[in-house]
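In what follows, subunit A forms one complex with subunit B and a second complex with subunit C.
Then we have the complex of A and B:
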């Protein structure tokens, strides 16, 4: 019996088993439990999902989250495209320096970065003080505790994530195509908009999806730079669980977020090998 | 020559953006040197009092120690689990193993707030809330996929014929693993361990849910400090964190350079 099992099952699975078991029992298990809760807490039925139609607060939070994620994605990918393009076309040495700057910012703790923005943009922050000293403004401008602050913090965090898939995509392009276009008499901008940009479409789509996915569940920056004024889904979930103890509503929102993320991942896998995106950050 | 104008414009823009990514974080350096008791830029006079407070306060020191214990344990466990798993999947390499690989990367991709909910939900009945094992297991599940990625990348460059040769020469599975496979993927294993350490060292969302009084990690203490938003000791802590980041980055650069070298050999 064991012998026949050995013939059919590769011995490699023995090495996979410990981590696989850990994830299935201690991670997948409670996630399925949460999905189940969204249908059964406080009582069985779809009432948690019906709240999406009836509860204005919930709708507003979901809309805020969607809007902020969308704007973050557009700005981050535009910035990321500019950086990736400059990196691919820079000399080797410059390229290395650019990559170092990018990775250092990637590595600095999210808390440190959010805290820095608070010190820079806060009511008594560096920027407001400087503007007041220069007599440009008479009263402090509200940069944080509103959507602007959340957007600045989120874009700042997401740009490196946008650069990586774009870089992978741009590095694999065949540069002869662009030379051919120039030789056939196209101007530089024609070549860029009609040849280069369409060729980098898979990278753009992958970058957009990656940034959007990461933004959806973002917790730290909105909580600190939003200062309680900008309520997004992740923070709302934490309030529901830790303050008002309403598992049902929180579970429903988590289920929506989870299916949203999985659907986007599926679309993303059609455009790019996911491993190159997630492996890209490590090399 | 419109293209080169545009390209030059873009190049300048890209540099500005890159500095926009790095420079804001450095504001904590001058703020940490302020002689005042509240968050402010120092004017003229500099003082190290906030660093002194950071390194003499029992609360901050205990948070540093707790984070170090949790992050090292996480790195150790995640490296063992992730490396074994990567070697196993590489051995199997079939349609199913790719599916399993994608599944095992999920803890890295699923929003952390959902992971936090999941651990919170299960840790209550298991009695793991607010304990070292609770945090270490949760962080290990989140960090092992990192190791899986880096070790898999190393394995992709490993020639399977070497394994075959070792076996043909009479080495056991275990000897082949220890003397042939592990030495050639060592840079990937080290890089994975480093990433796992950093992930746990920085982790705040899951930690906020599953820790309370007993376990109070460094990010947790910073989180509270930031929310109160007055004490410059937080700025001093931020400077220490940046310094650690830069050192870790240096180490990982050396490692990846060594990895590139072993590939060229």
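Then we have the complex of A and C:
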């Protein structure tokens, strides 16, 4: 019997099993608890989910979150793509320097970055002061304390997250394919759009997924750079948990975010093998 | 980012500056960053309570020094029980979670009186023992079944003297009048104070604010939305003013002095129609030190000497009427219950906020976002 089991179950699972159990207990447990809360607080039923139909505010907050995350994703991945492209094609020494700079910004606390943007772009900030001194503007421009400020802060935070998967993807490409394309008479831009770009699709998808999913949970940046007018789901959940004690609503929104992300991954998996996106083998 | 950060903000960086009477912008911003780091660091919790000590759940910063000296020392001398701190911030949701989980590690929370109304009836709090704690040692409506006010804080506003020096604003009506006083405004993001200010601006008498007419208040706030910024923490309110982002800003009143000094008196505090908020001591159900000990502790905090020391250290105003006359002269313009201010301020109704606060905050967020 053990033999037949061995035939069907790889022995690797035995090694992984304890950790798998730990993850299941410590991870699935709390998630199920949240789901349970969303169905039972303040009283059993679906009324927390019904709020999605009846409460315009919730829909507006979800829409704001979705819109900001989408714009952040598009801009971050576009920037990330150019940076990764430049890094791959730079000299080895310069590549190291670029990677160091990227990682330094990657490791700086989000709070420090957010407050730095306030100092740079604020009403009395460096940029506004400089522009005023140069007589380019007469009134300070409102770069922060609005949706623009939130986007600047979020894109800045997300660019390294977009670069890293793209970089990994680009480094594994076989450059002879591009040479062959040129050799067969394609122009530079033809080679890029018809060969290079399609080959980096897994990297683009991975970067988009990573940035979008991380953006959904943003909390500090919108709260500080939004001037109180840009309310995203994460901050709203925190208020419902800590201040207004509407734990059912908070749990419902958290569940919605979770299923939203899972649905996103599912849809993506219909179009491509997700394991390639996350660095698995392409076969 | 969270409600009732008043305590945390004050303790973190208001305190030193308040005492020293000055604080420059650079050190202020450094402190902002530190507050963020520190507050996440303390989330892990240094909560540990045994039966022979009192654990105060508060907002960190200067509390060991200020609360320790003002209340902890005399209490330890009298009972032998030292005062320790859990500085992770007793928000309503966290108190409820702690009591529900059955692992109560704090004896007393430095919270708001409306927390007592919100959490008391559901069995999350110990009732105050008014044989030990004295109802006469706080303002008449500020001793409720599950909490008692020790200090008061308040919502007032500062204005730019360079913009409005000739005809200075003196009321919330002026604050909301952007035609007569052009410029940006800043308001508190989690509804408290902002709703009351809007109603007073719309002509509601300061003694007839409650129950709040939400529709009327929100209409007034929405009318000024394009000219408004909203702050979630005291440091944010402070920086919006000293950076010139707004020409009138709602602030916690004890920051008024910091701001006046920080801006070389360019910004001035207006205490007329300030909203007095009762900060309160509340006790989570089943606190480790037991009910008897913690009631004695709260009684110690009612002592005028202790309250005056908190005023000196943190700028929190005493709620014990005995202490009102003892407020030092240099603190009088900034203290809520000093002779010059007490008749001009409005008083928060913790019962209304405890019962309706959640819905009010959500309605407010809906209106401003």
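Methods note: the second predicted complex is superposed on the first by the 233 of 283 C-alpha atoms of A that agree within 3 Å, B and C clash if a C-alpha of one lies under 4 Å from a C-alpha of the other, contacts with A are read in each partner's own complex, and residues count from 1 in each chain.
Assume a contact is a pair of C-beta atoms (placed from the backbone, for glycine too) under 8 Å apart; a residue touches a chain by one contact, two chains touch by 3 or more.
Only a predicted model underlies this, so the values are computations on that prediction, with no experimental measurement involved.
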Which superposed partner A:119 touches (first subunit B, second subunit C, both, neither): both
Superposition-derived comparison: subunit B or subunit C, residues of subunit A touched: B
Partner chain(s) touched by A:98 [first = subunit B, second = subunit C, both, neither]: first
Contacts of A:52 with subunit B and subunit C, given as first, second, both or neither: neither
Touching partner for A:238 - first (subunit B), second (subunit C), both, neither: both
First (subunit B), second (subunit C), both or neither touched by A:35: neither
First (subunit B), second (subunit C), both or neither touched by A:160: first
First (subunit B), second (subunit C), both or neither touched by A:71: neither
First, second, both or neither for A:108, with subunit B first and subunit C second: first
Touched partner set for A:61, first subunit B, second subunit C, both or neither: second
Contact residues of subunit A, present in both the subunit B and the subunit C interface: 109, 111-112, 115, 118-119, 122, 124, 219-220, 224, 238, 241-242
Residues of subunit A touching subunit B in the complex: 10-20, 22-23, 26-27, 29-31, 33-34, 79, 82-83, 85-87, 89-90, 98, 100-105, 107-120, 122, 124, 126, 129, 156, 159-160, 187-189, 191-192, 213, 216-220, 224, 234, 237-238, 241-242, 250-251, 254, 257-258, 261, 265, 274-275, 278-279, 282-283
Residue ranges of subunit B touching subunit A (in the complex, touch as defined): 1-4, 6-7, 10-11, 13-15, 17-22, 24-28, 31, 39-41, 81-82, 84-85, 87-92, 94, 97, 100, 102-122, 137, 140-141, 144, 146, 148-150, 152-153, 173, 191, 195, 198, 202, 204-205, 208-209, 219, 222-223, 226-227, 229, 234-235, 238, 241-242, 245-246, 248-249, 253, 256
Complex interface listing, subunit C residues touching subunit A: 1-4, 29, 32-33, 36-37, 91-94, 96, 118, 189-190, 225, 229-232, 236, 239, 243-245, 357-359, 361-362, 365-366, 368-369
Residue numbers on subunit A that touch subunit C, as the complex places them: 57, 60-61, 64, 109, 111-112, 115, 118-119, 122-124, 145, 219-220, 223-224, 227-231, 235-236, 238-239, 241-247
